[in-house]
Each structure stands twice: as C-alpha cells, then as structure tokens.
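In the two complexes that follow, chain A is the common piece, with chain B as its partner first and chain C second.
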Partner chain A sequence: MADPITLTIDGRQVKVPAGTLVIEAAKTVGIEVPSFCYYEGFSLQAACRMCLVEVEKMPKLQPGCTLPAAEGMVVYTESPKVVEARKGMLEFLLSNHPLDCPVCDKGGECELQDMTFRYGAGESRFVEIKHHVDEKQWSPAVYYDAARCILCYRCIRVCDEGLGVGALGLTYRGVAAEITPSHGDHLECDECGWCIDVCPVGALTSGTYRYKSRPWEMSYAGTICTHCSDGCKTTLSVRNGEVIRANNRDRSGVNGEFLCVKGRFGFDFVHSEERLQSPLLRKDGKLEPVSWSEALAAVAARFGEVKARNGKFGILGSTHTTNEENYFLQKFARQGLGTANIDHHRSGDVPALLDALSGKTGKLASSADLYNAKAALVIGSDLAQQHPFLAFQLRANFRHHQAAVYTVTSGTVREEQYAAKSLHCEAGQELASAQSLAEDLKKHGDLVILFGDAVRGQAVSQLVAFGESLGIPVKYVCLVDYANSRGAMDMGLLPDLGPGYHAAPAVGLSRDEMLAAADLDVLWVVGSNPFKTTAPAGTKTFTVVQDLFLTETAQRADVVLPAASAYEKNGTVTNVCGEVQRLKQGPKVMGTKSDLEIFGLLAKELGLNLGIWTADKVFEEIRRTVPGYNVPLPVIATGGAAQTAAVNGGVPSKGKPEYIRSAGDTLFTSGTLGRYSKMLNRVMEAPGQLYKP
Partner chain B sequence: MLLNEPHPLEVKVLTRRYKYPQQDPIWLEQYVADEGYDAIRKALTMQPEEIIEEVKKSSLRGRGGAGFPTGLKWSFVDRKSPKPKYIVVNGDEGEPGTCKDRIIMGHEPHRLIEGCLIAGRAIGSNRGWVYIRGEYREYIDIMDRAIQEAYDKGYLGDNVLGSGWAFHLSTHTGAGSYECGEESALLESLEGKRGNPRLKPPFPATSGAFQAPTIVNNVETYSAVPEIILKGGEWFAGLGTPRNGGTRLVCLSGHLNKPGVYEVPLGMNMMTLINEVGGGVWKGRKLKAVIPGGSSSPILRAEECDIPADYDSLAKAGSMLGSGATVVLDETADIVKVLARLMAFYAHESCGWCIPCREGTTWLKKIMARLDEGVGTKRDIDMVDQLAQGMMGRTFCALGDAAAMPAMSYVRKFREEFEAKIQSAQVFMPAPQTQPLVVL
Partner chain C sequence: MTFSPELEAKFAKMIQNYPPGRQKGALIPMLLFAQDEVGSMTPELIDEVSKRLKVNRVEIEEVIGYYTMLTREPRGKHHVQICTNVSCMLTGGEELYQHACKKLGIGNKQKTADGQFSLEEVECLGACSWAPAMMVDYDFHFNVTPEKLDGLIESLKKTQ
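On to the complex of A and B.
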C-alpha cells in the first residue's frame, strides 16, 4: 500500500493512502460527495460533474471522483460554490428528464430523486420543450427509456468491464446521445440485467418487474440463488407472497451486486402454473390429487412394509435441497430405513479431491480467493456459461490486480479474452495439456486451480500432484453443478460416504445402479429427475417423488409430494467453494411443504425417532457432528458466508467416479427449474444468439 | 483554391513561397528548389534536445487555440519510454471562422510534412498521422499526394534521407465532429473510437495515441517549425511580441472589404488588422464588434478593439486569440441572431459526454432561439448569463467553456440589443410570464 498522506476535507483531517480519490477519502470520514457516474470498481468517467469539490489553490472546481488526494490538500465539499454548482448540475439534469416519477419503476429508490431531494433547487427554471425519445425494448428482460437516461455510463461499464460482453455503447451526440445495443436494436449478451440494477434512474427497466409494484410495497428476503453452485446472494422482492423481482443492491453476500440471468430473472418458476400444489396418489393407474395425510399414510405404509420384510430401498437426494434436508434424508435412510442405497446426481469429484489433499489444510479456495489470487488455472470448464460468478471473480481479479488466468478447455471460452495463455485440446486430454503450463504457473505467487468433471477419480490425484509440484501455494475448486451439489456430498448423500466424508456403515448402490436394479422395492426420489434420461429397470418398484413439478420422474411415480422450492424455505446451502450460507424464506406457495417437513412427518408416521425436524435444530446437529461444519453461527445468521473446512474421512473413496458427470447446463438453462422459468425460455427464444449456447 | 491578394503589412514566413494568384499546390520539386527540406537536413545533424531548445527559444505557441508553448509541450515527452512515440497533426479545423490550415495544406503540404519530421526527430518518434476533417476532401487528397512524393524521394520511410532513422506519416480522416478538434477526442477518433474527450491527466505527452507518448499540435504550429530550425528560434521570436513569437495566419471574415487569410506578426494592432489588412468595414459602415479568435472567444465591442492581437493582450482584454479567426461585425449586425446561431452550433456539436455541456448547450440554444424570435423575457436574458456561468469551468472538456464564453460576453456587452428585441416583440406577446410558445 502506498504511504499514507493527510488531507483536510471540510475541516477534518483525513489520513488515506496516497493516490486515494478524494471521493473515497471523504467516505472514510462519513462525508458524502454525491455522484452518478462514479461507480466503485469500474473505470472513471468524470461525466456527471456532481462530485465537483472546491480545492484550495485550484481555480476551478475539481471532480472528486478523479482527483487523487495529495498531502496537505484542503478540500471543501459544502462551500457555497460547490453547493451552487451541484444545484446547477441537477437543474441541467432535470431539464430534459421527463419527471414521470409517479409511474416510473425507479420512483422511491431513484438516485436522481434522492439527489434532487437533498441537493437540488426547489423549482426549475426550464420552460422549454423537452427532448423526447420513445422507449425501446432491447430484449425480453431489458427495456430502455432514453428520455429518463442521464448518461452516467454505468451500464456500459458493468457490461464491458465487469462481464466482458460489451453489449452496450453510445450513439448520437449532444442532448440526443443515448445508450444503444452494440448490435443494433437488440441485445447480444448474457441477459444478466446488471445494467438495470446499476441504472441510477428508471432508464433501464426489467421485463419482469416493470409497472408491477412500488419499492415500498414489497418485503425483501435475502436468500441464495437456487440455480448453479456459485452461491450468489439474491434478494427477493416479495409482494403478497409473490416474488416479483430479484437483485442484490445491498451488495451483501459473496457476489456483491453480481447476478446472472438466472439469479436475477430465473425466479419465476416459483409461481409457474405448473407447480404441484396437492399430493398425488396413483389410483387405478392414474395420479389423483389426495390430501397430505392420505398421501403420507400411503407412503409410510409401504415404507414400513418393505422395511419389515428387509426389502430393497433406493434413495436419490437432491442437489437443490438444503443441508438440513440432505442430512436428515441420509439419517432417515441409514438409521430410519436401514439402507445404504443413497446417492444423488454427482457432478464433481469432491471426495477424490479431499483424498488427494489428505493431511493438508487451507487447500480449498473460497470465492474471495478467486479475486485475490495472483493466478488461476481453469481446466475443462466454460466458466462464463456454467459458473458466471466465478468467471466474474476471475475477470475482476484480472481487471483490478492483473491476475494471470490460464485456461485449458476443449472449446473456446470467454476467459480467453484476457487470459495469459489458453490451450485447446480434445475433451478428456485437459489434464495432460495443463501439465505443459507448469513453467508459466511457477512464476506466480499463488494459484487457484478450478476443474470440472473432466478431471475425476484417479485424475484428481494426478492434478493435485501436479499442483503441489509447482512449488507455490495452490488452492483448488472442484466445480459442481447446482445450488447444493456440494452440500449433498458434504451431508453424505453418497453410497459409500456419510456426512463429512466419513465411511458409511455399509456401501450401497450408486444412482445409476439403483436405476438399473430390477428388484428395487422402493425408489424415493427427492427433488431430482432421473427418469428424464434413464428409464428405471424396476417395474414393480414403488416410487415416491418429492418435487415442484410433474416431471418425467413424477409422472411415473406412485406417490407425488409437492415440495417447496429453495426460495420458500429456511435452511443452509453450501456453494461450490464450500461456503455455507443461509436461505431465507421469501414467497409462499399454497399446498406445498418443505422437504424437511415431509421427511419429519414421514418419520413420525413411521414411528422413527430421528430428532426434531426444524432447520435450525438440524443445523445445530450438523455443526456438532459433521467435520468442517463447525462454522460461526452469527456469520450464518446475519446472512454471511462461512467457509467450511471439509476433510476426507481417511477412507479411500469407492464412489465410482465413472458416474460423475455434469448436466452441462448453460447460462440460460438450469435443469428442471430452468424449464419452468418463462423468462429464461423467453430470453432463449429472443434474438441475440452470440452468447447463447 | 483562390489565394487572396497579399497585403504590404503582411510578414511572409509560412506563406513565403506562395505566389499570387496561385492555382496549384507547391509540389515537392518546387519546394525542394527553394530551401525545402533543408530544415530537416539540419535537424538531422542536431541533437533532439537542441531542436526542442530552438523551438522553446522561438516562443512558438500552439496555433490551434489554446496557445500552449510548443517547445515546452515537446519537452514533456519521455524519449526514454520503451513505448513508441507518436506525432499527431490536428487538422480538424472546426472552429467557426477558421480557415487557415486548409491554406497551408492546400498550398504547401510539404511544409507540414517537414514540420512533422522535425518534431518526430525531436521526440524520437517513428510514426505520425495528419488528422484532417472529413469535409476537407480536397486537402486530404493533396496531403496524400505530397506524402507519396515524400516517400518516393526518401524524405519519409524507413531511412529518412539516409540517416537510418525511420519516420512514417499518413493522413486520417475525421467524420465531422467539432469535438474531434479537442486533442484527446481527436486521439480517440484516430484510434477508431467515438470522439469523446479523455480524462486528463494523463496528458497526451504521457499517454496519447494508443496509450503511447504523443504530441498533438495544429497544422500551423508544425508548419512554423522548419523556419525556426533554418533561421533560428530567436529570429522567429523577434517577429512577434515578447512571449508571443513569430507570425500567424489570421482568418479575417465578416463585414470587411477584403476578407481572407493573411500572415501578420503577432501583436499587430487589431484596428490595423481590420482597417488596413482587411480593407476596412464594408459598405462604409461603422464597426460594431469583433470576434477575435474564433466563435468561442468572447466578443469585443468596437471601442475595445484598439489593442495588439496577441495571446496576452487579448487575454487581458477578457478575450482570447484562439485559432486566429477574426470575425468582424458591422453596425447592422444582429448580435442576438449571431449568438442564437452560435448556440445552435454548440448544441449540435456537444458530444454529450458530460451533463453541463450536453444539457447546457441545448438549453441555451432553446432560449436564444426564443429571444431571437422575440418570444423571450428579461428573465431569459439573465438566464443565458447564469446558465453559461453554471457551465463555465465545470464541463469535462473545453467545449462547454467554448459555448459559455460567447454567451456570457454577448449578453453582458450587448444587453441593450437583447432587451430591444424583447420590447419590439412585446406587442405580440400575450403576457410576459407566459410559457414558451415556440416548438424548437
């Protein structure tokens, strides 16, 4: 860090590192220098001129957003000259602004309103006819009203610098200047909608939220996005039990403001008309709606009967359910039903990584490590498509710290835009190719290696051996698919490993083996859709499905129990980097129950004593018993992310790595959930194919 | 391209080879026959520091408008930088009333090429561009042909005059934006981007074209350099007044008997310029006002014009020498209309990057259009002044100031004309406080 210097702002001594911008220096002592175009973390514009401050010995007012603080500098942020200039800027800004605040989506949370309220003049002298341009729709998700736009260029910068997409530019000049998609009339982009969030006014509005509500009519629930495994915090705006918006303006969570299209627009599956809202029971070959008590009794009766005659259970867990649910489910299976046949759709070989790292600590990278590491190596994953937040972290690391990023993939990936080196190889040859980068990697202070399902089983230990041979500190991220894919493994939804990767009492059937077993008596599928790709071999198997929708699997079930989605429940999930975060209930959907409640009720019905089934009590048990999960409760309770320290259980994994495969979701798909999100589907069908798979 | 008849009070330095009436440009053969490219031969024998020292001694100041000392600007370039260094010629010539660069490029393109070579030698550059406004198609063609001639004869290329030093030059066409005359916007445009100004610092001498050290000077500035090298900086400085070295091309336009481009020593009295060189105000009318340095410069009333036309004297008088475009207005000129036209120009040319310029110029345009139509109030006249003050010194680049300066000065110096226009229209106005009726 540069040497500290001292300057005076509004008569107060401020000590900051040399080179700190005056606007930031003022912030450290609680002085607000208003601005529109200044946006932390992005390039400087000095365009809005709101942050003009008076500096002694400088004849003109200076923009605080580009002026580096210097020793002995004397700055005034509230002198008459500054106050008058600010008032003038706001008057200029409002001169062509339509002032349609009563019907503007941004009304109530608009920076221009707030600034005018605080710094503006009471009246306008502008009596001319305003410059007007009609609103445009750029995509299903993004609308642009040029008349409201104040040209702060935040949208252009988050898109270009933040995401490397550069879908927005500037056309025309003077008062007619406006933001325009780089490809003409429609967006060619990730459709992440970040531009909408950063817009200080109502110029960019959201296809899902526009004209739906006023900001003060909603309640807000900060929860974790339930799509990919990156674990982004998304704040749901809920009105009358319905989610109508998702964003993360308070920058809480590991992701700050970043969200991809799924996090920001992919919540609408919650209120899909195809949501199951009543249990279904197969009667005379047809699924009929029945009461919860009837359905649960039917399941319990069959479970009890099969258990009594030592029949064969098969249990498939979910990659979207909470840690508490996963933990309770494996307990239900192993203790309650006495079966070892439990698994889930595995997409990354975390057990193999933990085995390879046996005896070492601090080797698992957190999402913050991706932003701080000197170098990163991505093996076999298109991060921008599959892990947008991790891709964003690496790009931000490059932008702010000039990190060296290396990629080894079979196809072209977006990281190549700025990567220090990119290798292409045939699928399956990624690890061999990566070894040729050894000399390059050794040069850097530290390294994070991210690998997808291309590296599994034995290959993982080869990769770790390679990493450890570089002679620099190396951390690893094993990429997995969904919101709680990592948690499902941590909680022991594995045929050979119990919670915390400790050896299970017995080794059971894996997912593929269960589906192939003709003699299975019961198949219990929780939040998963295995029949979409694999038809089950068992014809007499009693199948119970807990899901949100009547999926291919649910259609063939004997009993279907309507489950609540992650947005409708409390609990915790663990992201790809092993960070535990809290889910907070936002909306409610009538007729559904959380999976945890379903397990609990079933256990009660069966007369099993598996403990209290509330999320916080189960989490207590997890913290107490699962190695690595003794995370600080206040961090979790206040919505923070606590990294777990998963370790191997000292047993060689028998997890059959050949069954590990990523579902290969893209930026715009999300397994079953994505199919029921109208916005994701509309976006996919809209023009603009450049960034779509 | 017609050259105006020379005037005895002119001091021919840059224009010394021009013959009246001259139809064709001075091509290479003719240029070389009369000391052409002797300056670069001499410069090749000098140390780069010596060249810059000579330019400093000449007190040559930038002829584009800002009047920054040229030698000083060149000395800011770090010759030891591992990056390439670039020479950029600003031939955008967008300031209304200015028409001198095209005279230089059209008559004696090799003088400009030679100036670039010397500048390139001084800062250790191997590459230069002549950025010419797109409307100057004719002069772009002339420059292209001259550059080709210079390449053919070894004045440009990988081995300039056998010295082993490489210097390449080419033209680059602007796309019709006043803003691209601002040096950083010009560099953006040169790089193929939208012509928005850049944040300064860094200045171009540190990070200019393609983030490399760059000097940007006006066509006329570069064109003065060969004479400075040949005859010495002190000789050139002696032609003008202290700190205002040399001669400059003034573009006399407006209500004059003999408008045109003339080369006069810096510091010639403005009234001499108008009455002698320009042949006096036309039709025997009286002088009302002078815009001394292009449309951005504050206006001078007739009685303020008895001053030397150099950078410092005009600054003292509250105006500026600017680009040397002197617009003369006779007693019949409608000052309100003049300002209304100028404000329309600036509103059209504002790039839109920063708020005060984007919104301010348009607002001023609208008010001035109303005042000109007679549909204005006294409050509007004050507003013009106040809005201009709100822009002055607060915009991202100098375009905002360029619009604000005339607005303030016209309203302050000719308030009676603004008020007269309102009064003459009062009869047609329903009531003074009525909202504007004109759709603009």
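On to the complex of A and C.
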C-alpha cells in the first residue's frame, strides 16, 4: 500500500491510504457526507450532487464521492456554501418527486426523506405541476414508479456490475428520463431484487412487500437463507407472524447485501396453504389428521417394538435441518435405536476432500477467500445458477482486483463473460480438462479451486494432488447443494462416519441401499423427499416422515409429522465453505414443531436418555465433542460466521462416492421448498436451466 | 433480420474503422443508417444490432431514448425539423413552426395522412448565424421565411 496521506476534514486530521475518496475519508472519523448515487463497491457516478464539499484552494464545490483525498487537503463538509448547495439539490430532487410518503413503501426508511429532514429546506420555490407517470409492473418481483425515481443509477450499477446481468438502463432525457427494463416493458433477469433494496427512494418496489406494511410495524430476524448452501444472511421482516420481506440491508453476514431471488423472495413457502399443520396417521389406508400425542405415541410404539425385536431401521436425514438437529438425529439413531443405517442426500464429496487435505491447515477456502484470491478455478458447476453468492464473490473479485477466473464445465456458464480462460468438455471429463490449465494457473499468486459433484471419490485426491503440484497456495471448496448439506456430513449423517468424520461404530446402509432394501422395518425420513425419484422397495416398511409439505414421500408414509422450516427455528447451520452461522427464529407456523423438538419428544416417549433437546444445549455438546466446532460463541451469537474444519486427519472411510450427485437446482428451483414458493414459480425465467448458452 | 446489400457493405466497412474490441463504437452510425432503411427503431432492428455489436439490448434502448434523431415511430418520407431555440425564436422560428403546422395540418412529431411529411420542433441545429434555420431530411435551409417554406414543401410534393 502507498504511504498514507493526511488531510483535514472539518478541522480534524484524517490519515488515509492514498487514493481514498473524500467521502470515505470523512467516514473514518465519523463525518457523514450525504449522497444518493455513491454506493460502496460499485463504479462512481457523481450524478446526484448531494456530496458536494468545499475544498480550500478549489474555486468550486467538489463532489466528495469522486474526489480522491490528497496530502494537505482542507475539506469543509458543513460550511455555509455546502449547506446551501445541499438545500438546493434537495429542492431540485423534490421539484418533481411525489409527496406520497404516507403510502410509499419506503416511507420511514427512505434516504430522500432522511436527507430532507436533515439537510433540506422546508419550502420549495417550485410551483409547477408535477410530471406524473403511472407505476409499471416489470415482473412479479419488481415494480417501478418513475415519478419517484431520482435517477441515482444505483439499480443499474448493481445489476450490471454486481450481477453481470445488465437488465436495467436509463432512457430519455430531463424530466422524462426513466429507468428501463431489459425487454422494453418487462424484465428478464435474475429477479434477485437487489435493485429494490438499493433504491434510495420508493421508485423500485417489491412484488411481495408493496403496500403491505410500514417498516416500523415489523419485527426483524436476521437468519440464514435455507435454500442453497452458500449461507447468505437474510433478514426476515415479520408482521403479525407473517414474513413479508427478506433483505439484508445491514450487510451483516458473509454476503453483505447480496441475495439472489431465493434469499429475497423465496421465503413464501413458509406461508404456503399446503403447509402441514397437523400430524397425520394412516388409518384404514388413509392419512387422517390426529393430535400430536397420538401421532408420537404411534411412532414410539412401533419404534420400540422394532427395536425390541432387533428389527431393521433406516434413517434419512435432511440437508435443511440445523446442526443441532442433525447431531441429535444421528445420536438418536446410533445410541437410541442402535442402528447404523443413517444417511442423507449427498451432493458433494466433502469427506474425500478432508481426507486428501489431511495434515494440512488453511486449505479450505472461506467465502471471503473467493473475493481475495488472485485466481479461481471452477470445475463442473454453473456457479451463477447453482451458487449465486459464490459467483458474485468471484465477479466482485474480478471487478475490484482483476482476479483471473478459469472455468471447466460441460456447457456455457456466465463466468465466461469475464473469465481468463474457459474450457468446455464432456460431462465427467472435467478433471482431466482442468489439468491442462496447469501452466496458466501456476502464474498466479494463489488459487481457489471450486468443484462440484463431477469430482468425487478417487478424483478428489487426484484434484488435490494436482492443486498441490502447482507450487502456489491453493484452497478448496467442495460444492454441495443445500443450506446445511455440509452440516449434515459434519454431524455424521453418514452410514460410515460419525460426527467429525470419526469412524462410526458400525457401517450401515447408504441412502440408495435403504431405498432398495425390501426388508426395512422402519424408514424414518426427516425433511427429505427420496420417493420423488426412487420408489422404496420395502412394501411392509413403517414409514415416518417429518416434513413441511405432503410430498411424494409423505403421501406414502404411515405417520407424517409437520415440521417447522429453518425460518421458524433457532440453531446453527454450516455453509458450503464450512462457515457456521446462527439461525434466528422469525415467524411461527401453528401446529408445527421443530425437528429437534420432535426428536426430543420421541426420545422421551421411547424412554431414551439422549440429553436435553434445546438448540443451545445440543450446540454446547457439539462444541465439546465435534472437532472444529469449538467455534467462538460471541461470533456465532452476534450473527457472525466462524469457519470450521470438522477434521484434520485422515477420514477413515471412503464411503460410496457413486451415490453422490447434485440435484442440479438452478437459480429458480430449490428442491421441494422451491416447488412451494409462489414467487419462484411465477417469475417467467423459472425454472431456468443449467449451462444455458 | 437482413439489410440491403449496399447497407451490409457499408456496415462491413464501418466495423473495420474501429479497433478490435471497440466495435461498440459503431452503434450510433449503425442505428442511423439502419433507420434510414428500415424507417424506425423496430424491436427486430434493436435485436439485430445488439447481436452484431455484442451490445446489451438495454444499452441500445438508452441510446435511442437519448438521441432525438433516432425514432421508434416511422416518419414521413420527408422529415421537416424546425428550430425554435433562442436565435431562431428571435428571428421568427416560432412563427415558422406554427406556419408549418398549419401548412401540413400536423403537430409536433406527427405525420401527414399520405405519409409524405413528418414535422418536428427541434433544439439548436447549430446554424444560429443564418437563423431561422430548418432541416429537411439531411439538408439544411437557412434564413427561412414562411414563403420559402411553402415553396420548399410544394417543390418536394412535385418531386414525388
């Protein structure tokens, strides 16, 4: 870094690195220079003129957002000239801005309101009739009210630079100028809705939230998105027990403000009419609603009976439930029921990666590493579709640090727009193709390798050997599908491995083998829908399903227990980069119980002593017993992310890598949850397609 | 969509005027020449130019919205543009424009029923020294009086 420079802002000495903008320099000493168009992390615009500051020896006021701080510069941010200029700018902005604040979605959290309150003039000299334009609907998610727009270009820049979509532009001039969507009258884009969040006024409004509430009438719960495995923080706005908005304006969490369509709009499955709100018990071949006590007693009775005669259990865990629930479930299975048959839908070979990296430290990339690495190699994943946040990190890295991104895929991916080199190959040949990039990769200071389910089993150790042969520091990310896919493995929902990838006392059946076993006495499916693709072989199997919806699996169950979704729970989840983060309960759906509570009640009914079943207590046990999970509690408790590696040593079992496969969700699908989200189904881009040219 | 062979040849030559990777610069001339042939900025035309120059569709929309010489509505065979900016207004441009409206029986950005003429009130044409000024298609006319305008329109009608 260049030598720091010293300047004076409002009489205070400020020391900043060379190249820092005046607006940022002021921030470091707690001086706010107001602005609309300036947005950290995106290109400079200098369109709004709100940030004008007075600089000694400069004849005119200067925009603080584009002026780099210089040695000895003397800046005034509150001089009479500046105050007058701000008043004038606000008077201009308000000259055609409708004063419909009482009904505007943004009212209460509007930057124009705040600035007028703080810096504005109470009166306007303009008496002209305002130019009115009717609101337009651009997509189910995005609405535009041109009259409210102050033309700050924020939406255009986040879409173009942040997402690489470029679906918004500005057309016409002067008073007629307005934002235009990609297809004239409608949007075709990622439908992420970031444009709505960054809009400083109420010009862009959200299809799910508009005209529903005032921001001060809601309670907020910062939790982790339950869709893909990237682990984005999403803050749920809850009103009268109903989630009506999700965003992350406070930039907490690994993702800052970034969210994709699932994080911002995909929460509506929570309030789907099809949510199960009462346990169902099969009576005379039909599923009938029953009380919780009746349902739990029925399950416990059968579990007890099968256990007593040493019958055969099969247990399928979930990739959406919390670490605490997964840990408790495997304990329930191994200690409580004495079975080794436990597994989940595996989508990436994390055990093989940990095994290959045995003895090495600092080899697992965090999501921040994707933004800071000099180079990245993506193998066998349509990242922008399957891992929107990771793709955003790479793109931001390229924009800010000119990182070299390489892709090796079986089809076209969006990263190719800016990638240093992209290779296409037959599906399954990804690893072999990637090795031809060795000479290119060696040139860079460090590298992050991201690989999907195309690389599994033996291929993972080949990949690691290849990475280590490059002679540069390399970190790895094994891409997995869902919110807690990684946690499910770390917590030992595997037939051969217990929590922390320790060898399980006995090796049980894997998921596919359980479904193919005709002699299972009990199949207990927690938050998973295996029967959608595979019909179970067992005809006499007693099937218990815990789920949010009457899925294909639940329809064939003997007992269905209505579970709470991740948004209705407390606990922790682990994202694709191994970052542990906390879930915070937002709404509550009547009639449901969290999976942990269901496990606890069943254990009690069966007379098993598995410990206290509150999320906090189980997490304490996890911290004590699972290697790597001894994460700093203050970080977790304050909503931070703590990276973990659940093992550093050889993994004693190779498992059955042939059963590892990604569900291949796109940006607009999310397994079972996605099917029950109206918004994800209503946008015209849905369901989308991987490797779309 | 396809253009006439002459226009295609023009485009092929034009593209070479820009250094590699900067072909985007051909956007405005390409739109202008294409408009002369197609008549207006049709969605098909925008798609075609977007494909050829590898420019995002929205960026083309931005350019079309910004420049008044690009139009989404087809114009008349002859496009009459009359300046009413300061210099022209002081020397009778405003009256000239009103006269043209009456003469052609149309208003700003409208087209005569027979499709022969369209009229537009424009900002400075850069001919203040010879105000009032007007443009018909690509031709300038200086020191225009209502009589000169009548004569011009009659002669254009005759050349149909």
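Following the convention adopted for this analysis, the second predicted complex is superposed on the first by the 678 of 693 C-alpha atoms of A that agree within 3 Å, B and C clash if a C-alpha of one lies under 4 Å from a C-alpha of the other, contacts with A are read in each partner's own complex, and residues count from 1 in each chain.
The rule is simple: a contact is a pair of C-beta atoms (placed from the backbone, for glycine too) under 8 Å apart; a residue touches a chain by one contact, two chains touch by 3 or more.
From a predicted model like this one, the values you see are computed outputs, not experimental measurements.
> Based on the superposed arrangement, let me know which partner A:Glu128 touches: chain B (first), chain C (second), both, or neither?
Once the two structures are laid over each other on A, A:Glu128 reaches chain B alone.
> Have a look at where A:Tyr220 lands relative to chain B and chain C in the superposition and call it first, second, both or neither.
neither
> Applying the document's definition of touch, where does A:Tyr418 land relative to chain B and chain C: first, second, both, or neither?
Neither partner.
> Going by the contact rule set out at the top, does A:Ala167 touch chain B (first), chain C (second), both, or neither?
In the superposed model, A:Ala167 contacts chain C only, not chain B.
> With the two structures laid over each other on chain A, which partner does A:Tyr119 touch: chain B (first), chain C (second), both, or neither?
Touch partners of A:Tyr119: none, neither chain B nor chain C.
> Figure out whether A:Asn96 sits in contact with chain B (first) or chain C (second), or with both, or with neither.
In the superposed model, A:Asn96 contacts chain B only, not chain C.
> Which of the two partners, first being chain B and second being chain C, lies in contact with A:Ser182: first, second, both, or neither?
second
> By residue count, is chain A touched more by chain B or by chain C?
Of the two chains, more chain A residues are contacted by B.
> Shared contact residues on chain A for chain B and chain C?
Common to the two interfaces on chain A: residues 169-170, 172-173.
> In their complex, what parts of chain A are in touch with chain B?
For chain A paired with chain B, touching residues are 44-50, 52, 59-61, 66, 85, 88-89, 91-93, 95-96, 125-129, 131, 150-151, 169-170, 172-177.
> Okay, in this complex, where on chain C does chain A touch?
Residues of chain C touching chain A: 43, 56-59, 61-62, 64-66.
> Write out the stretch or stretches of chain A touching chain C in their complex.
Against chain C, chain A makes touches at 166-173, 180-184.
> Which residues of chain B touch chain A once you look at their complex with the stated criterion?
Contact set of chain B toward chain A: 177, 179, 194, 196, 199, 347-356, 358-363, 366-367, 370, 383, 390, 393-396, 435-436, 439-440.
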